[in-house]
Structure formats: structure tokens, C-alpha cells
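Structures follow.
Here come two complexes built around chain A, the first alongside chain B, the second alongside chain C.
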Partner chain A sequence: MKGAGIDSSQARISADRVGKWFGEVIAVNNCTLNVGTGVVGLLGANGAGKSTLFKMLAGLIEPSHGTVRVFGRRLRQDVGWYRRVGFCPESDALPDWMTGREFLTLMLRLMGFDKAETNRRVDYWLERFELTDAAGRRLGGYSKGMRQKIKLAQAMAHDPDVIFLDEPLNGMDPVSRKQSIDLVRELGQQGRTVLVSSHILPEVESMTSEIILIDRGRVLAEGAVAEIRDKIPEHPTTVALVSSAPRALAGFLIGRDHVVGVQVDQENRVVVSTDHAVAFYRALPGWLLGNGLVVDEIVTLDDSLEAVFQYLTER
Partner chain B sequence: MPVYERGYTHWQPSGRRANPAWFVIARRGVLEPLKRRWLLLLVLLAWVPAIVKGGIIYFKLKAGNLMDLVGGSWTSIEPEGFLRFMEGQRFFVFVLLAITGAGLIASDRRENGMSLYFSRPLGLLDYIGGKALTIVTFYCLVTLAPVCVLCLFSYLVAPGATGADLLFMTPLRTLVYCLLAGGSISLVLLAFSSLGTRSIFVMVWWTILVSGTETIGAIAEGLGRDGLQAVNFLGQYHNAGSLLFGAEPRLGISPWVSLGIVIAWTGLALWVLKRQIRPVEVVS
Partner chain C sequence: MAAENTVAPAGNDVHPMGSLAAAGWLAWFSVREMARRRRLVSLVAINLLPVLVVAAIRIWFPQAGVTAQMLLASLSHDVFMPFLIPVVALAVGVPAIGEQVDDGTIVFTWTRPIHRRAIYLGRLLAAQVVSTLVLCLSLVLCFVVMVTEGPQVLTWDFLRLYLQTFVIIGLGAFTYAALFATMGTFFRKPVLPAILFAFGWENLVSSIPARVQELSLRFHLQNLVTRPESAPQDLPGLLGALLSTAFEREPVPKLQSIGVLVAVMLLSTVLGIWLLRQKEIAK
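Now for the complex of A and B:
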């Protein structure tokens, strides 16, 4: 089953009413979520509890209450299942005295691979992240982007089914960023579960439309961005209609069902606010055909991740 | 071609590992410092007393009792002589372990090691076991290994003298002693290492523990305050070791008291390690 917000019996990662306190501070509060296959973004502002929840899901922080399961198991009590899990930490700290090759080799040997298989995988992943030339250099001499790539490589090199990536694109140059985004999408398409934590909306948006939105330690929403958007009735959806006769179209739309506002913007697009996007989209073709109006393009302006994020968090 | 398209099969949790995780950790911990040439030299230097003792044993056989003037423990091929030899190695034990062991956990804490290690199929025992084995290996390299070589050498230059003891009992006693003492010392050093993120601070605390307590112990001995010798950290191991080697106690306190102190140290170290090294990250 794909994406976030699925039934718990089909989930690869599931959290049931998990919470975490640090002293008197509640970092995560009663979160329940389920993640299936594909790429899912765990999204939240800094301090929202995202990192704590992320590490709890990866079995690296024990919840104060509730249970987290990956493949239906509690990872820390059944550590063998970590062979099917990859984890890329957010922190930039790495053993600077190791070379890139030594680091990847150690990480794979800890996964239980023999020497020959380890070497094969190390060669492949160094090549895939274009680090072959730097393989013999110490990690201390790597740029931030290269360190990020070697962290990603260690999370993926053992061919895991569930991959946790914490702020994976930090410090990468545009080319590496594009390559990494493509790789994450490729992994998702292969039926792996990739949970990407980030506070950068476009970064997540470029990888997936499936999100889990967290704010002040609570899961605000989970699922596809458009679906979540439709569930926010108090904020009308804004649609831009591109037409050769914008003023006629605007005049016609005023007062129609589910249309709460109409204006023509600077690009001569008709910007419509609707309180029921689905009903509006259903009715629009009939209105156009019946009145001889033409619309060349429809653009939904605020079902972007940023808009959804703003609405839900009231920021 | 992506690695996934090469026909790799997923690893099942029941799958056999090429090497256990603790072995992988220990192997890395031992091999990495040995890349430094000066550390190799230090290890070689730690073998000089063994070479000297070997030479003395050889010449004793040639020159008879004359070589006894050098000193009993240097010429002795009795079990007690080898315990004294290991006691004499304490400077090398102190320095070598400070260099190789201080950063074992501190560096991991500083370098993301905890989340990288514990997002792999290994538990707390694998982690601590691997790190402890690293220290025990270096400990044995300057204690057990030279004693075993000396035993073999002594047997070869004095055949038939005390063959069974030299070839079997003394190495066995030394092995048991080194594993127990080395294991305990490694846990104490690891506990210090787990308390910080900087190796240098761990080294300072290690120096205070080893040299500081030895100095206090020596002062207490001079003042005739036997009870205070209980603070001598490494001294307790040698004193307790006299039980195993059938030797005279080295300190003014019972070897059983020393054994109790060693067990208490070890227990305390394990408690600290369990608190500090959690498979889960400690978030402040």
C-alpha cells in the first residue's frame, strides 16, 4: 500500500499513540501514523518535533509512551531487522579520520556482508554518488555536499526496504541535489519506503506529494498534499483560469455556486476562490460549454505544500 | 546499472553474517591505531622488558646463581615471576590503553557514531564487546603475548625443568588473568570514554585514575597506612592476581579485598556504560 495515512495492517512503518517527553518538555504528543511504500515526506518547522518523531520511527529514540513498529516489529528488540532499514542522520558529524571507502566498508561489514560483496557495493555506491576519485581521501577533507552524499550512500548501500533520510539534501550543490532527488524517487518507484524528513518545502515537494505534517509535537495531517488541501474547508481553494477573454469569464463566474471570490490578476488570469474545489471543478466544464467561454489552462494556486503548510500551522 | 537491477536478494533477518558485529568493531579498533608508525614503535618498546627478561633467564642458566643478583622476579620462571613481569608492564599498559582506548566511545559520540552504529543490526553488547575487545587486545599485546613467548623460550632453554608449568599452567593462568583484568580495565576506560566527547579529557581522567591513585597508594605504603592502598587502581589487579598465581600479596591488604574492589569498579563501569551508551540517542 502506497504513501502515508494508510491502514495500519498494510503499513511498513506504524506509530501508535507515541509520545516523547524530555523532562517537562513534550517533544512529540500522541502521534499515530502509518506509512506504506513510496516516498513520504515528514514535514515540520524547526522545533516541531520532527526529528524526535523521525528518530523514534527509526528506533533510535525510545518513546515515552506508545509503540513504533517497522515491518510489524519493534526494531530495537529485534535488531536483525535493521538489515532491511537504512538511516541517514541529519548531523554532519562523521569520523573525519576515515577515508570514504573505509567508512562505507565499515558500515557494510556491520550489516553483515562478506568482504567481496562489501567491496562490490562500495565500488558501486561510490561511483553512483561520483565519489570514486575521493574514495581514498579522509572524510575530514570532504566538502559538505560530499559528506552528505557519503551519508546517503551508507544508508542505501545495503539495499534496504525502508529508508529514513533526515534532511538529506543539506549542503548539496544543485547537480548533486537533482541526482539525489532522482535517486529517492527511483527508490520510491521500486516499492521501497523512503521517509524523508525536512523543513524545506520545495525539497519535499520535489520528491513526493505524500506527506506527514507535524507541528508542536502533533501530526496535523497525513496523505497526499491535494487530499489534505481539500480537507481544509475554512480556507477557500484558489484557482487561476487562463482565458483569452478574462473579463467576460470573471463576470460570468461571479455569484456561481461554490464561487466565493473572483478577480483578474496582473497576468490577466481569472483568479477564483472556491469553498468546494471538487464541486467547482465538476461544474466548470458545463458552465463553459453552455456559455461559449473558453479556458486554456487551469492552475490551482494554493494546493502547494507551502500553502497547505501555512493553513494547517497558521503561520 | 542500478544495484537493485543486478539481481541482489534482500537479506533476511535469519541470514548468516559474514562476521559478528562485535568482531567488525574490534577489528577496526585494533587495526586503525596500528597504522600509526609511532604506535607500532611503542608496542615494540613494550617488548623490551620481555627481551631483557629472556636474556637474563638465558644467562642465568649459563652463569648459574650469579644472575640472581639482578633480582628475583627478573630471573624467576615461576608463575609469580611472570605476574611481577606483568606488573612491571603497567607503564606501557597505561600509555598504550590511553592512546588506543580513550577515544573509542568519545569519538563515536562526537562523530554521529551512535546513530550510525545503532541503525545497524547490533545491540549494546555487540558495541561494548567490540570496543572492550579492542582494549583487551592491546592489553594482551604487552602482557599476555610476551609472557607466553617467555614461557616458551624458558622451556626451550631449560628443557625438562618445569615443563608442564611453563608450557601449560603459567600461560593458562596468564590468559585467565589477562582476560579478566584486561576486560575489567577496558570497561573502566570505556566508561570514562563514554562520559565525554573529547579523547583528551578521557586521557586526563585515565591519568588521574592510574598515576594519581598509584601515587596515593605509594604514599600510604610509606606511611604504613595499609588500608589506603585500596585506592591504587592498577595495584588491585596485581594484588588480586596473586590469588591466581599463588604469589605473595603485593599490597598491604588482602587479595580478596582487592578482588572485591576490582569487581566493584567493573560493576560501576558497566552501570555507567549502560546509562551512557544507549542504543537510543540521548537528546538533551
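Now for the complex of A and C:
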């Protein structure tokens, strides 16, 4: 099962025509999405509606219309299913009077773990997030990065199958950021569903290629970045080919299937615009071999998440 | 993050945690939270007022004829019931649930496999227990000052009144805290409405004669206090005023007052649970 854009019968998280109004403001408008296993990024600019959608998916906000289900259940009603769900909020609010150890202990006891198992898990996750030395300190004295780590720890400590992470890397130093990204990827590889909300594209790109893109309260696209990129016809994908005979290669490529533009740039690279990158990549080796052409390097210039995001949101 | 993940998957147990167990855990942690708050120091300081009154009478008016029993009844009737209980319950009860919703920290308990009624009951119970403990600490200190007068103070009637006062203060703290917790859950800025209720409505209504005064909680709490037969007339100023105003109300059956207080507590709690179930997280 892949992450985003799957059939609803396979989905662990599903939203069906979900909308949310706050007075006259539409925060989320008629969103439908399905998420399977693995890491999926929920992307959108600030104010796009992703936090509202995120909270609806996690059962913290009731939709104005439509239904949201996790494991086919409505979490607000079937609260027992929170045993299989972890949630890391974006908000920095923590019970500042508690120590890190007390906080994790309460969170695990409320999950139903006994004392011995709770202690074992608390020790493990404090160590995993390098918070063991700070375990006895009050959360009010934690740095921003430490607060972020303890929030992540409480979301993961009970081994949930579905994990919601809302802007999880805020305030972390580069080392912790890298470790957290590795951890998220590891959880995805274990077959868990990790839905990560962020407005920082490189962060999401480093965790996953599966995304749900939201703008102005609507889901613009969902699926793999490359697939989504191919579905943007008004912005052909641009590929640079490095060759020892750039002009011959450029001449050959003009008029080929899925090639909508060819030019040689200042670095003597052949820059090809294609309306179907996947088909172009599939056909290219055959064209080269059949015509004695050599390409030393292929660089895709604008299929990055940032480009996809820009094209879809027209920003 | 050096350790390997050796933690077993959670399995398929998706039954919610028992509400009583969950409420118990939350109450235990919440009591510790409330006990560490700075505002508790202020509350304890305010609650030294009756101790100071007892000490003042014992030091400066030892021959005024004020018995320990009379003093206890007066303090209970005119200091604890109309002032200290509402103040403490307001300060502890109003933020008990509403504050966590406002600052967003309730999200951590909302995403646990427990019903919202358990969350509400756990927090409310903590607020009620903390309010009662603060008030009872004051009462214990009063007792200590009273018994310095000598062993003759420790009569059966005095001890019975003392225990009775404990129970009434507890009942008052539980009722007011339940009401204020509901207000804290309902209002976005609950402190002003709570103050208006405690010192506006309660003052006004409990002063109106006839049955209208029965619409205040204060009346029913004061109705439960056992009154001495007469108040001394030879105390000056504030102390005299305090003791002479204690015995003016038309009583109703005590069972009726207990019933009203318990009913208000239960209805407030049910309403508060319902309100919390409708709440959504803003942050």
C-alpha cells in the first residue's frame, strides 16, 4: 500500500468531502483524501488550512460537513482507537510544571500501560531523544528543541500505527532535525502511517516523496511528487542533458514524442521541456542507442517539491 | 538517539481506559499541578484570615466571653461560607478545565483512549480536593490556636461542631468548585462572570429576605452551620460586627440545603462534561 492518493478501502486515514467553517471563514473546503501506510507530507502555506484539516483528521475538531475516519472509525466517538494513534501538535503549549519524565509517564499511564512497562518505555524514549539528562527538569525550562522532542516522544511512545506530526521539526537544531527525519522515515518503513504537516518543503522532501498538497482550504493534489509533477501540463518538466555533442542531440530531440521544447544553455547542456517526464525517461535510452548519441548526465531541473508547489499554487 | 527500537507494537486493544481509573490518574497528576502553582501561596495567605481573627480575640479579648464554639460557628458562618469558600473555589475551579482548553495542553489528554467525561471528572476532582485542603488547613490552624486556651475547650459539643464544619466546608468547596469549573469551561473569559456570581449574585440574593435568599448557595451553606444560642455584645469594631451578624436568617430544613448543594454540584458537573464534549481545540 502506498501513502497518498489511494483507494478509500485501503486507507488508514480518510476524509470524505470534509469542510470546516469558523463563522464566515472557510478553513477547509470539501476535501477528500485517503492515506495508506508510509510517510505522507501534508503541505501548504501558512493559512492554507492544513492545521485545521490535521486537527479534523486527528479527531480534535468536528467537521462542519463530511466525515473523517481513522481505521474506519470516528476518533471523537471511538476514543479507544487513540491507542493506535499518536499526535504531536504544532502548538508549543506543554504542562510546564511537569518534568519530562512525569509528562511521559502520565501520557503512557493514560494509554493503559502498567507501571513497569511505562517506566521501560519512558526510559527508552527519553534516551532515544537524548533527553535522559533533562528528564528530571520541568518542561517550562526546556529549550524549544527539547520541547519539540518531548512532544514527539509522547506521540510515539505507545507505538501507534498512525502518527500525526504537525510541524514536527520546529525549533530543532540541525542534528536533532536529521535524527528526527531518520526516525520518521524508519517509522514509515516499519509500515506505520506517518502524516507530517509542514510548510517547509525541503523538510518534507527529506522524509517522503508522497504528498498531499493543500491550498486555500482545498486539496490540490495527492500522490508521489513525480506523478503530480507530470499532471501539470501548463508547466512542462525541464530536463538538462549533458553531452559531448549537445547540438546534435538537441537537433535529434526536436519534434520527438512528449518533447515540447529544446534549447542549448550557456553551459552547453541540452535543456528539454517535456509534457510527460516518465514517458520521456522511458523512451530516451532507446533514442540514444538507436542513433549513436551519448548522454553523460541527466538532471531534472524542476520536478522538485518546491517547483510542484509553486506551479500548483501559482505562487 | 542511539538506542534501537525494541518496543513491541501496541496490538489491537482499542477499548477505552476505564473512566474511573483515567479520572483517578488525571486527578492525581492535577492535584500535584495545582499544588505547585504560585497562586496557591496567595490562597493559603488569604486563608490565614480566620486564624488571625481567632488569635486576635484570644490575645486581646480573653475575657470577652467568646467561647471557642461560638467563635468557630461565627467564623464558619461569616468568613468561610460567604468569603473564603467562594474565593478559593473560584481561584482553583475556574481554570481547572477551561485553562487547559485555552492554552491547548488538553490536546495531550484528548488524544488518549479516555472519554472526555473522565478528563473532566479528573480535573474537577483535583480542583475540589485542592480547594478543600486549602480551606481545611485554615480550619486546622484555627483549632490549634483555639486549644491553646486550655483543655476545657475540648468539649464534645465543640468537637462535634468542628467536625461538622469540616464537612460543610468540604461540601461548599466541592459545590462551588463544580460550578466555577463549569463556568470556566463555558465562558471564554470566565473570571469576571465568576466574580460577579460569587460576590454579586450571592451577596445580593442571600441578603433578600423570605424565600428569595434560598436561591443562593451561600444561604444553604450558612443554613447548615450550627448556631450558638447568643452572640457576645461587648466586642468592639469589626470583631463585634462579625459575631453579631451571624444569627439573623430564617432557617430551612438542613436536608433541603444539603439536597440543593448536592444537586447544584451534580448538575454543574453534568453540564460541564457536556460542554467539554462539544469543545474543539483552537491552538
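The working rule: the second predicted complex is superposed on the first by the 302 of 315 C-alpha atoms of A that agree within 3 Å, B and C clash if a C-alpha of one lies under 4 Å from a C-alpha of the other, contacts with A are read in each partner's own complex, and residues count from 1 in each chain.
Going forward, a contact is a pair of C-beta atoms (placed from the backbone, for glycine too) under 8 Å apart; a residue touches a chain by one contact, two chains touch by 3 or more.
Here the structure is a predicted model, which is why all the values come from computation and not from measurement.
Enquirer: When the two structures are laid over each other on chain A, do chain B and chain C clash or fit?
Expert: Pair status: clash.
Enquirer: Could you say whether A:Phe252 touches chain B, chain C, both of them, or neither, answering first, second, both or neither?
Expert: neither
Enquirer: For A:Phe280 in the superposed arrangement: first (chain B), second (chain C), both or neither?
Expert: A:Phe280 contacts neither chain B nor chain C.
Enquirer: A:Leu94 contacts which: chain B (first), chain C (second), both, neither?
Expert: It touches chain B and chain C both.
Enquirer: Touch check for A:Phe309: first (chain B), second (chain C), both, or neither?
Expert: After superposition on chain A, A:Phe309 lies in contact with neither partner.
Enquirer: Of the two partner chains, chain B (first) and chain C (second), which one does A:Asp114 touch, if any: first, second, both, or neither?
Expert: first
Enquirer: With both complexes overlaid on chain A, does A:Tyr142 touch chain B (first), chain C (second), both or neither?
Expert: neither
Enquirer: According to the stated criteria, A:Tyr124 is in contact with first (chain B), second (chain C), both, or neither; which is it?
Expert: Both partners, chain B and chain C.
Enquirer: Quick one: classify A:Val79 as touching chain B (first), chain C (second), both or neither.
Expert: In the superposition, A:Val79 contacts both chain B and chain C.
Enquirer: In the superposed view, which residues of chain A touch chain B and also chain C?
Expert: 55, 58-62, 78-87, 89, 91, 93-95, 97, 106-107, 109-112, 121, 124, 128, 154, 158-159, 161, 186
Enquirer: Using the touch rule from the top, collect the residues of chain A that touch chain C in their complex.
Expert: 55, 58-62, 78-87, 89, 91, 93-95, 97-98, 102, 106-107, 109-112, 121, 124, 127-130, 154, 158-161, 179, 182-183, 186
Enquirer: In the complex formed with chain A, which residues of chain C make contact?
Expert: Spelled out, the residues of chain C in touch with chain A are 1-3, 5-10, 13-17, 22, 25-26, 29, 33, 36-37, 103-105, 107-116, 280-281, 283.
Enquirer: Quick check: in the complex, which residue numbers of chain A touch chain B?
Expert: Touch residues, chain A against chain B: 22, 27, 52, 55, 58-62, 76, 78-87, 89, 91, 93-97, 106-107, 109-115, 117, 121, 124-125, 128, 154, 157-159, 161, 164, 186, 190.
Enquirer: State the interface residues of chain B toward chain A in the complex, per the touch definition above.
Expert: Residue positions touching the partner: 2-4, 8, 10-19, 21, 24-25, 28, 32, 107, 110-113, 115-123, 278-281, 283-284.
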